[in-house]
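Okay, here's the structure, questions in a sec.
Chains here go by letter, A, B and C, matching the order in which they are written, and residues are numbered from 1 within each.
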Amino acid sequence: MASHAFIHWVRGLGLGIGPGVIALLAVVSTAAVLAWPRPERGGLEFWTFAPHHTRMYEPVIESWNQKAGSDHPDRQRVSLSTLSTGALAQRAQAGFWAQTPTADLIEVEQPMIGRFVAGPIDEVGFHDLTDRLREEGIDQRLNPASFAPWTSRGRVFGLPHDVHPVLLCYRADLVEAAGIDVDAIETWDDFERLMRPLIADLDGDGKNDRYLLGLWYTSLDDLQVLLLQAGGGTFDAEGGSLIASEANARVIARVVTWCLGPGRIAIDAPEFSPSGNQLKLEGRVVAALMPDWLAGVWINALPGLSGKLKLMPIPAWEPGGRRTSVRGGTMLAIPRTTRDFDAAWAFAKELYLSPDLARELFVTNHIISPIMDLWDEPYYAERSAYFSGQRSGLAYIEQALNVPPRSSSPFHQTAMQRILDTTARLHAYAQDNGVHDDQALLPEARRLLAQTEARVLEEMQRNVFIAGGWRR
Amino acid sequence: MSRRFRQHPAWVPYFWAGPFLLVFAVFLAYPMLLSVKMAFHQNAGPRVAEYVGTQNFSWMMGDPLFWTAVRNTAVFAAASVFIQLPASLGLALLLNRPQLRARGFWRAIFFAPVLVGLPFVAILAGLVFEKNTGLLNVALHEFTSLEVTLPRKIGGQTLGVPFTFDIEFPWLQSYVMPTLIISAFWMYVGFNMVYFLAALQNVDKSQLEAAEIDGANAWHRFVNVTLPAIRPVASFVVLLSLIGSFQLFELPYLLLQETAGPNNQGLTLVMYLYQQGFDRGDLGYASAVGWVLAIVLFGFAIAQQVYGRLRGADL
Amino acid sequence: MNTRARLTDAFLYAALAVFAVVTLVPFAYLLFSAFKSQESFFSFALWPTDGAWWQVDWGGFTVKHFRTLFVDAGVARATANSFFLASVTAVLATLCSAMCGYALAKYRFAGRGVLLWLVLGSLAVPAALLIAPGYQVAYWLGLLDSYAGLILPAMAPAFGVYLFRQAFISSMPDEMIEAARVDGCGEVRLFFTIALPMVRPMVGAFLLITYLATWNNFISPQIILQSQEMLPLSVFVAQLRGPYGTEYGLIMAGTLVAVAPVLVLFLLLQRDFIAGLTAGAVKG
């Protein structure tokens, strides 16, 4: 054997066992890597970041693949891989930069879109779908707000997957046992006042361990939901800054008081974290902000809460205010390096626009389709055992058209991150100065947000490719 | 002058140095020169770049995030030098005791964590430091909750730790820097110990004995005999530790799930460089950050050399 | 043995034992977690029990994480990649730097001074400075998403050249080379059969140092590689947190798969390795 001879050769050098082992490893592993069967790269490659999407798409793809091939040139086999969010974003972007092939279809999550559209518009790695959507009338069939996050400088780069309205999910068992009438809750003030008796010290160690809201000031997602609901956020439809808006100041001041001091009502119970889930199962979280997809995640990951939960519109920031918001979102996009655009587009439409998938989307993941003419389908009106017999689908559809618009600015994510950092600074200020009242925090919140806004605008100005900044 | 007797052909040394030189030129020397040029450009990926003058540097100097990164990195480096290295030295002194048995066994134990590697230490620490369920909080909480009731004969009191460690202690939310410092301590304390242990072999035993006969106590013997003998190695280890600390990236990046952590508590200089270069695609700006980092590290290296010269101990 | 000496002894061993326990507990945590089901992961910090700590509940252990890793997630390929990248890089980098160190130590030639100066100078260049321009060069050379993009740049470590130059100067007398030449030994044979064995400890140590550094390298494969099947364990395990984010046992199993091979290898070869590590500092 060649490797055997090699060992003898290395021995002959008298270099000892260490080099021998490593030399042997080098030979064996080179052989292994060379001999490893290459993964099949036939047909279309499809990347997603969400395991629950994978579960849902697998049957659809299977039936697509059975019919693929002979009769129709656009029907090509599809192979799906699930990547971590970071890996998907990083690998797609690396491919765009180097102009090396990535996948033929990529699902993009809302927080990562900014990095893909941050260069010159003709450098965006995805096909511009604007004209196709208009020609085929697809833009008319889908919920208009759903396109916003995927639009940059007027061009649409993907097919939206969802609407993602947000409701408030609460422990009906606890709330009803305490005799609290949720219909009396219209605003966050009402929520705090009426629910407060549920804060409890469950293990009797003198410290509270049940709180009203599962959210935390360090969570960008939670904060964004509340900012958008209140009419704040990062940028408006015309690109004007909302960073230092009064709505933002009010929300961040309030969120800080929720996490601190005597007014604390929140507990940090993050999603997708076993420790966060543990807190929910232990009954230490009374209510949580719940987009439709998260309802699906809970149904699958927290079956122990079945029959204990109900949904209601989110408390408003003022009487008559918006009772929903939006969180997350996905688009299906086609990289320019795809081997076959028509085949990818055919599959994209089949996957995202088929009534079957819309049904599957709801039944397996509790996600509302963005296709408005399907909203009358009977499955949305079925009673959910998980949500204590409520018609949970309809509850989301009722709020679907009230979903606030989102910015599509390439700087949206940066701005959001800066607002989150500002919130952390406000939290530190409140802690250091013992300020536990949101009205008293407002001036500092305004001051910090104004600083943040100035900084973000400067940063935008600096971008040569979008703002043409440096030359001016 | 046997060399004249039989010479090697002139090409031989170039043959030996050739492979290194080629790779060195393409992957080190050229990128280094290139990065000077890149530092004056703004990029959107490797294909699109525009000249922006010195704006990258002026923006950096005015960027609060950059200064956050500098501060975090400096705090981490200071902890490495002032907490971790003294502990390594202490451990080395313990292992250097002449009466110690199974020295190799102890050394292997303390050395093992560095083999785990930064990315994997980060992933492990991500679970160990989690609140409510992480090993550290659970262990500290349990230990501080322990109570011992004494037999009635000696009073019958219940003894316990006067405080109970909060099981919700938010390491990864509010104490990111201590988390990083503790993780790095675990990983590197035994690694640096090995250097000190080797250096302690240079200490002249007869001098130590002479000092002991003269009545010098342990501390004086350490300061007057041991420390001067290990000073060259110690200053080398300090330099290595500073260089390593200033390039901290994987540990916070993977510990904090590919973010800089709440309020950028875990943002380091190299993470800042990575975010700018590879999340935003501005390779030019990343090069500028790289140069600022390099200049700081050159400064440390020069300082170490100067210190060595002043001490008369040439490294 | 007097009482005082006995006391110091007791203190010495107690201090070392405490430190050793603190050092080892995370390893135990890693090992147990990799084999625990989700329920026992949350109920027990180390091993699952029925009641007292010595009543081990064997039912709380599972190997299903490893099944998932090897059958579904493809960790075998990532492990092969790690072995491949680490060992091939180690062999090539050691060879390259031994050759150059040999030239610098044992030959006089035009440009030698410049080369020596370059090697010593580049010891001060931090790796972070080369991340962005290195990526740019890899793009221009078409090395992105290839093993060559990782192995080639790692083949010329200035630190290695410096170490080997020192080793050749201190442990190989010039007379030996002269004698070999007089005997008619060719230059290539001279290097491989006479020179290299003379610096044997350095060869062993530098191989191991490079092997470990490559195995645990994260940032280079993260930016250079793109295809799933090429990723080494460092990137692969970090990416497990996406699709398997809620399965802590699986993440720990992945970490164990990544850590165990080097741990075993290096604890076996400890002495070589440590000798080389300290050579730079102590002899330098």
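Here is the rule we go by: a contact is a pair of C-beta atoms (placed from the backbone, for glycine too) under 8 Å apart; a residue touches a chain by one contact, two chains touch by 3 or more.
Note that this is a predicted model, so its numbers are computed, not measured.
Ranked by C-beta contact pairs, the top interface belongs to chains B-C. Greatest centre-to-centre distance from chain B is found for A, with centres as Cα means.
Measuring from the averaged C-alpha position of chain A to that of chain C gives a distance of 37 Å.
Spacing of chain B relative to chain C, judged by their CA centroids, is 16 angstrom.
Across the assembly, chain A contributes 86, 90, 97-98, 273-275, 278 as residues in contact with two or more other chains. Shared interface positions of chain C, defined as residues touching 2 or more other chains, are 42, 139, 223, 235, 241, 248. In chain B, the residues that reach two or more other chains under the touch definition are 46-47, 133, 257, 278. On the side of chain B, the complex with chain C involves touching residues 2-3, 5-6, 8-10, 12-17, 19-21, 23-24, 26-32, 34-35, 38, 46-47, 91, 94-95, 97, 99-100, 104, 106-113, 115-120, 123-124, 127-128, 133, 135, 138-139, 186, 190, 194-195, 198-199, 201-202, 233, 236-237, 240, 243, 246-247, 249-250, 254, 257, 269-270, 273-274, 277-278, 283-284, 286-287, 290-291, 293-294, 297-298, 301, 315.
Those residues of chain B that touch chain A in the complex are listed here as 42, 44-48, 50, 52-53, 55, 59, 64, 130-134, 164, 170, 173, 257-258, 262-264, 278-281.
For chain C in complex with chain A, the residues that touch the partner chain are 38, 41-42, 77, 80-81, 83-84, 86-88, 90-91, 139, 144-145, 147, 192-193, 196-197, 200, 203-204, 207-208, 211, 222-223, 226, 228-229, 235, 239-246, 248, 265, 269, 272-273. Here chain C touches chain B in the complex through residues 5, 9, 12, 15-16, 19-20, 22-27, 29-30, 33, 42, 45, 95-97, 99-100, 102-104, 107-109, 112, 115, 118, 122, 124-137, 139-141, 152-153, 155-156, 158, 161, 175, 178, 181-182, 187, 191, 212, 215-216, 218-219, 223, 234-235, 237-238, 241, 248, 251-252, 255, 258-259, 262-263, 266-267, 270-271, 274, 277-278, 281-282, 284, going by the rule given at the top.
Of all residues in chain A, only 86, 90, 93, 96-99, 115, 118-120, 123, 205, 216, 218, 268, 273-275, 278-279, 421, 424-425, 428, 455, 462-465, 470 touch chain B in the complex they form.
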